[in-house]
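By written order: A, B, C and D. Residues from 1 in each chain.
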Amino acid sequence: MSMEQDKTGASPPEVAAAGGDPPAPPPAKPAPPDKAEPPRAPRLVVSTSPHVHRDQDVPRIMRSVVWALVPGILVGLWFFGLAALQVYAIAVAGCLLFEWAFRRMLGRPGTLGDWSAVVTGLLLAMNLPAGSPWWLVVVGCLAAIVLGKQIYGGLGYNPFNPALVARVVLLVSFPVQMTTWPAQGGPLTVDATTAATPLGAIREALSVGQTVPQAMAGADFPVWKLLVGMRGGCLGEVSVIALLLGGLFLLRKGHIKWQVPVGFIATVFLFTGAAWLGDPERYANPLYHTFSGGLFLGAFFMATDMVTSPVTRRGMFIFAVGCGLITVIIRLWGGYPEGVSFAILLMNAATPLIDRYTKPQVFGAKRKLYEEAKAA
Amino acid sequence: MEIILLFISAIFVSNFVLHKFLGICPFLGVSKKFSTAMGMTGAVIFVMTLASVVSWLVYHYLLVPYGLEYLRTLAFILIIASMVQLVELVLQKVSPALYSALGIFLPLITTNCAVLGVAILNIQKEYNLLETTVYGFAGAMGFGLAILLFSGIREVLDLADTPRAFKGTAIALVTAGILSLAFMGFAGIV
Amino acid sequence: MKFKGGIHPQYNKGTAALPVEEMPLGARYVVPLAQHLGAPGKPVVAKGDRVGRGQPLSEPGGFVSVAVHAPTSGKVTAVKELPHPLGLEMTAVEIEADGEDAWWEGVQPRGAWREMDPAALRDALRDAGLVGMGGATFPTHVKLSPPKDKPIGTFILNGAECEPYLTSDHRVMLEQPREVMEGVGLFMKVLGVTKAYVGVEANKADALDALKAACPPDLDVAFALLEVKYPQGSEKQLIYALTGRTVPAGGLPMDVGCLVQNVGTAVAAYEAIAKGWPLIQRVTTVTGAAIRQPKNLRLRVGTPLGDVLAFCGGLTEDVAKVVYGGPMMGIAQFSLDVPIIKGTSGVLCLPDAEVVQYLADACIRCGACVDACPMGLLPSTLGVLCERDRWEDLEDFNVADCIECGSCAFCCPAYRPLVQLIKRGKAELRRIQKMRQQGAA
Amino acid sequence: MIVATTVMAGLGLLAGLGLGLAARFFAVEVDPRQEKILDVLPGANCGGCGYAGCNDFAAAVARGEAAPDGCPVGGAETAVAVARIMGLVVEEKERRVALVLCQGTREVAPSKFRYNGMASCASAALLAGGDKLCRWGCLGLADCQVACAFQAIEITEGGIARVIPERCTACGKCVAACPKDLIKLVPESAPIHVLCSSRDKGPVARKACQVACIGCKKCEKFVGDESMKVEDWLALVDYDHPPRDPAVAGECPTGAIVELHLDAKKPVH
C-alpha cells in the first residue's frame, strides 16, 4: 500500500507492508504453466521483534467509545425526541463525509475505517442543543473534521479535541442558536418550547439580583432530576447516570484512565464546594455543579481523548485538575455559564507542556535507590 | 484586590496576544522552539515592564508638564527602541546562543506592538505608577503564557504529518486561532 | 517486589509438557565462528581436516570472545561465508559428519568443581566456549570476571523464561534439576559468593519444586516464585523482583553486586567441568502453529535449521515467519539454511494468519506503551522522534536505557513498529555521540 | 514647538548616550565579510554544505573554517564570488549531478524475504541488509527522496530511486542519506556510467540481479586505458578522465554499463 505513495519531503515515513501478495504456493503443487518463471516471491516475512501482538487496534478502541456513548445517546433521544435524532444523523454523516472528502482532496488514504470520524460526529452532536438547525450541525462537522483534525494531518496529530473545536467555534459564532435550549418533550418531540439549563438558570437569576438559593428554588432541579437527565442542556450531556455507565465501561476496558474523570470531577466538586461554603448566597452547592452542565460528558469522553491529553498518568491527573479549575473559574466568574469545553480546550493547549514536565522516572535513574541497594 | 484582578485579567482575560492581538509577530516568529520562546518571554517581560514604567514617568513628568501629550507615541517608540537595543547588546554579549536563536525577532521587539500597546494603554486607562508596573508585567506574563503554550504545540506540530499546503506558518495561524477561541472562555471575568 | 510496567501476552506454552527429545545425528553441520557477543574467533581448522566431537574449531579473537567446537566427528568441508541467523553471511566451519560421533581426545572431565580453584574453573568455562544461553550470548567467563571495584555478592539463577512459547528452560529445570543446581554451586564457587537466588515464574511452580528438591545441602539458595509478567526474565527486572535492588540506569547488574545466569548456562557449565564437554549442544523449543510437531529438542550447535524443521514434521503450507528465539525479542529468519547456534533458545514458526502486520499509522498517544515500558521510558515519543530523524532529541528521552523488550510495540493499537524505530534511533544516536566525542578529542 | 523639539531631542540624546555606553561595554565583533558572503550565496538554506543554513556557512567561511567552494548549490559562480570576497582564487569546477548506481528493479533483482516495517531504507537495511537478494542494491524506500530538498529524486515503477538531473543541485544530501552508498556525484558531461555497485563475485552478483556488473573486465579491455577499471568484481569509471566512446556500453554482457547524458539541457533517456 505504501510503496506507490507520494514520497515527497513532506510525506511521512510509511510502513512497507509485507502482506500484499499471498505467499507463494507450496512447492508440492505445480507452478502455473502460463508464466515463464517470474522471480519467485519469497515466502517468509521478516520484521523486527516482537512477532506477536496484543489483540487491540485503533478501530476497536473507537468502536468501544461508540458503545460507551450509546446510553447517553439513548437518554438524549428519549428526552429530546426526533429533533435529537436529526442532529445525530447529520453530525455523524457530515463528519464521515468531510473526513472522506478532505482525505481524498489531499490524496491520502481513506481513514473512515478507523471509526474516529464517527466518534467525533457523535461527540459533536452530544455537545449541541437539541433542534440545532441542520446548517449549524454541518458547519460544526466542517470545523471538527477539517479545522480540528485533518488540517493537522489526521487522527493522532490534532492538538485539540475536534468536537470541542467545533463546539467552541459554533458557540462563539452562533451564540443564539447554541444557547437556545428546547424543553424535553419526550420521544416524539419535533419542535419544543425553550427551557433553562441548571447553570443558565442560576446565571439568569444572579443577573436580576436574586440569590442562588432563590434561583434554585425557582428552577426546580433536584439532584435526582440531574442524575436521570430531566433538564435542559446539550443533547448528550443531560443524563449523569447514562454517561457514568458508558464511562465505567471505558474504564473497565482500559481505554480511559481513572485519573482524568476522577481528577476533573473531584476538582470541580471541591472547588465549587469551597466557594459554596464561603458564600452560599452567591454560589450553588457542589452537587448541583457536579451534576449539571457538561461535566460528566467532558470528564469521561472529551478530556479523556487520548490524542489531546497527556500520555503519563501523572500528566493526566494534572491535566484533569487544570480542566476542573478552569471550568469552575468560568462557571463562577466568567461570562459563559458553562466552561467545560473551554477548559478542556485550554488544557489541550497545555498538554505538550505537561508532557514535557511529567516524563516518567526511568528505571534505575534515581541515585538514591542505588545507594540504598548498596547499603543493603 | 484591584491589583490582583488587574494582574489576572491582563494574563488570562485580556491576554495581549490572544485577546488584543498585539505582539503577533514574535508570537508566530519565535515560537518554533520552547527554549527560544522561553528566552523571548524573558526579554519581553523585561522590556515591557521597564517600558511601562519609563514611558509612564516620561509621560507624566515630561510630556504632561509641557503639554506635549500629542507626542507620546513618538516618545514611547524612542524609549522602547533604545531599551530593546540595550537588551540586544547585553544578550549578544552574555548569551550568544539565545541571541542567535532569537535572531531577527529581538530587534523586532521594538516594533512589538504589545510593548507600545501597554505603554499607551497605561496612559489611556489612567493607571497610576503601581498599576502601570503591574499591568506591564502581567501583560508580558500573558504574552509569555501564550507564546509558551503555543511553542509547546508547535514543537509537537513539527513532528506531525501536516499536509504540505498547511505546513509551517499556515497551521501555526490556524492553531493560534483555536487557542484564541479557547481563551475567549475567560471573557467576562473581571 | 514487582517491577513497573510489563505486559501479559498469551503464553502458548503448549510444549511445556513435552519431554526433551534427542535429535538424531545429521549429515552436515555448519558452525559459525561468531556465536557470541564480542569479537568473532579465528579458525584453527582448514578444509579437509578431520575433527573429533568437541574439538575446538576456532580460538578466541580477544578477551570478550570464545571458541566454537565441533558438534560431532567428521571432516571439515569448508571454512567460508555462510548464512548466519543474524541475517548476513559470516565465516563458518562446515563439517560433514562421519556418523561415528567420536569424542576428541582432548575432551576429559576437569574434576569436581568443589575442589577446584575459581580461576581454573573460569578458564575451563572459557575453553568450553560457554556463553549466556538465554539469547544474549555474552561470554560467560567475561561475566564471571567482575572488576575489583564491583564485587559480586549475590548470584541469581534466571529461570523466569518469560518469553511466550519457549519451554526449553522449563524442561531443563524439570529434567536436569541436579545439573542446574550443581551449576549454580559452580558459579557461586567461581565468584566466591555465599548467597544465591533462584527465580522462576509462577506458571512453572513444578520446575521450582524440582530445583528445590535437587539443591545440594551445602548451598545457601533462596527460591522464589515470580509474578508471571513479561519481561520478568530481563536482568534488571529480575534483580529488582528478587532482591529489591535497582540497577542504575546505564549500569550493569554488577553495579548492585549481582550476577545473573540462565538455566541452560548453568547446566552447560556443570557439564563443561564434570564431563569436560564444550558447549556443543543445547535444548531448543521448536514451536508455533506453523510447525507440524512442536518439540523440545536437544540439538547439536550447528544443526541446519532445515534438518530441525524436517525432524519436527516440517512446516505447514501457510508458514509465513520463522523466528529464532521467542516472539518478543527473537530474530526473524528468511533462509532455512542457517544453523542452530549457542543462543537459539527456540524456533518459532508462525502461519500467515498470525503474522503481525506493522503499519505506519500515526501515534494516537493512548499511552499503552508508556504503561507497558518496564524501563520507565516514553516509547511513543521515542517512536515519533525516530520517525522524523530527530536523533539528537532522543538523548533527552533516555533512549539508551531501552532494553528492546518489545512490550511497547506489542501493545501499540496503531501497530507502530516501535522497536524497529527505537533500534534505529539508538544506533544513530550512538553514531552521533561518537562523532561528538571524536570532535571533542 | 521649540519645547517639543527640545524635549524630544533631549530624550533622543539621552537614549543615544546610554546605548553608546552599552555598546562600549558589551561590544561583540562581527566579521563584515560574513554579510557580504551571505549576499552572494543562493540562500536555499539547504544545509548541503554541512552547516545549518547559508548564514552559518558564511560565518564559517569568514572564520576560515570552510572552503569558499563549499556551497554545492551555487556551484562555480558562487564559489568564485565567495572566493573574491575572501581574497582567494578557486578553480572552476564542472557542474556535477547525483546518479544512483543501481538499476536492479524488482523485476530483475529478486527479494529474499517479504519485508514488514518502516518504509525507510536505513531501517530496512538494519534487517539482514534489506530484502533484496543483492545486498548492494537500491531498496527503493525513498530515504534519498525524502532527503532531497529539490524534488529531484523519484522512485521508479521498478522500485528504485532515480535522480532527475535537471533538478539536481548536487547538494549531496541524497549521497549521505543512502545507507547503501549507491549515489554518487558525477560530472554532468561524463557519458558512460556503470549502474551497479555490487562487489559480489560474478556468479553471485548475477544470481542476485540480472543487470549486475559481474566483473568480466570486457569494458576494461575495450577502453584500453585507465578510464575504466574493475575492482572487487565491479567496474568503475574514473570520473576525472571518463571514457568518451559510447560503444563501451555495448560491450557489457549484462547491460550494467549505460550511456547517459546528464547535461541539463539535453533530453534524458
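FYI, a contact is a pair of C-beta atoms (placed from the backbone, for glycine too) under 8 Å apart; a residue touches a chain by one contact, two chains touch by 3 or more.
Computed from a predicted structure; not experimentally measured.
A.B. asks: Work out which chains are contact partners of both chain A and chain C.
C.D. replies: Touching chain A as well as chain C, we find B, D.
A.B. asks: Would you mind telling me which chain pair, B-C or A-D, is linked by more contacting C-beta pairs?
C.D. replies: A-D is joined by more C-beta pairs in contact.
A.B. asks: Give, as an integer number of Å, the spacing between the C-alpha centres of chain C and chain B.
C.D. replies: Centres of chain B and chain C (C-alpha means) sit 59 Å apart.
A.B. asks: In whole angstrom, what separates the CA-based centres of chain A and chain D?
C.D. replies: Here chain A and chain D have centroids separated by 47 Å.
A.B. asks: What's the distance between the Cα centroids of chain C and chain D, rounded to whole Å?
C.D. replies: Here chain C and chain D have centroids separated by 43 Å.
A.B. asks: Among the residues of chain C, which are close enough to touch at least two other chains?
C.D. replies: 87, 320, 332, 334, 355-358, 360, 362, 387-388, 417, 420, 423
A.B. asks: Quick check on chain D: which residues sit in contact with 2+ other chains?
C.D. replies: Correct list: 112-114, 116-120, 127-128.
A.B. asks: Among the residues of chain B, pick out those that touch two or more other chains and give their numbers.
C.D. replies: In chain B, residues 160-161 touch at least two other chains, as defined above.
A.B. asks: Taking chains as nodes and touches as edges, what kind of graph is this: line, ring, star, complete or other?
C.D. replies: Drawn as a graph, the chains make a fully connected set, so complete.
A.B. asks: In their shared complex, at which residues does chain A touch chain B?
C.D. replies: Its residues touching chain B are 8, 10-12, 106, 108, 147-148, 150-154, 157, 159-160, 165, 168-169, 172, 326, 329-330, 333-336, 339, 341-343, 345-346, 348-353, 356.
A.B. asks: Quick one: in the complex, what on chain D touches chain C?
C.D. replies: Chain D residues touching chain C: 112-114, 116-120, 122-123, 126-129, 135.
A.B. asks: If you look only at chain C, which of its residues touch chain D in the complex?
C.D. replies: Counting only chain C, the residues touching chain D are 86-88, 320, 332, 334-335, 355-358, 360, 387, 417, 420-421, 423-424, 427.
A.B. asks: Considering the complex alone, what residue numbers of chain D touch chain A?
C.D. replies: Interface residues on the chain D side: 106-107, 110-120, 124, 127-128, 131, 140-142, 145-146, 148-149, 151, 155, 159.
A.B. asks: Give every residue of chain C touching chain A within the complex, in rising order.
C.D. replies: Checking each residue of chain C against chain A gives 3-4, 7, 9-10, 87, 164, 236, 243-251, 255-257, 317-323, 327-334, 348, 350, 352, 354-368, 370-371, 373-378, 380-381, 387-388, 397-398, 401, 404, 406, 409-411, 413-415, 417, 419-420, 423.
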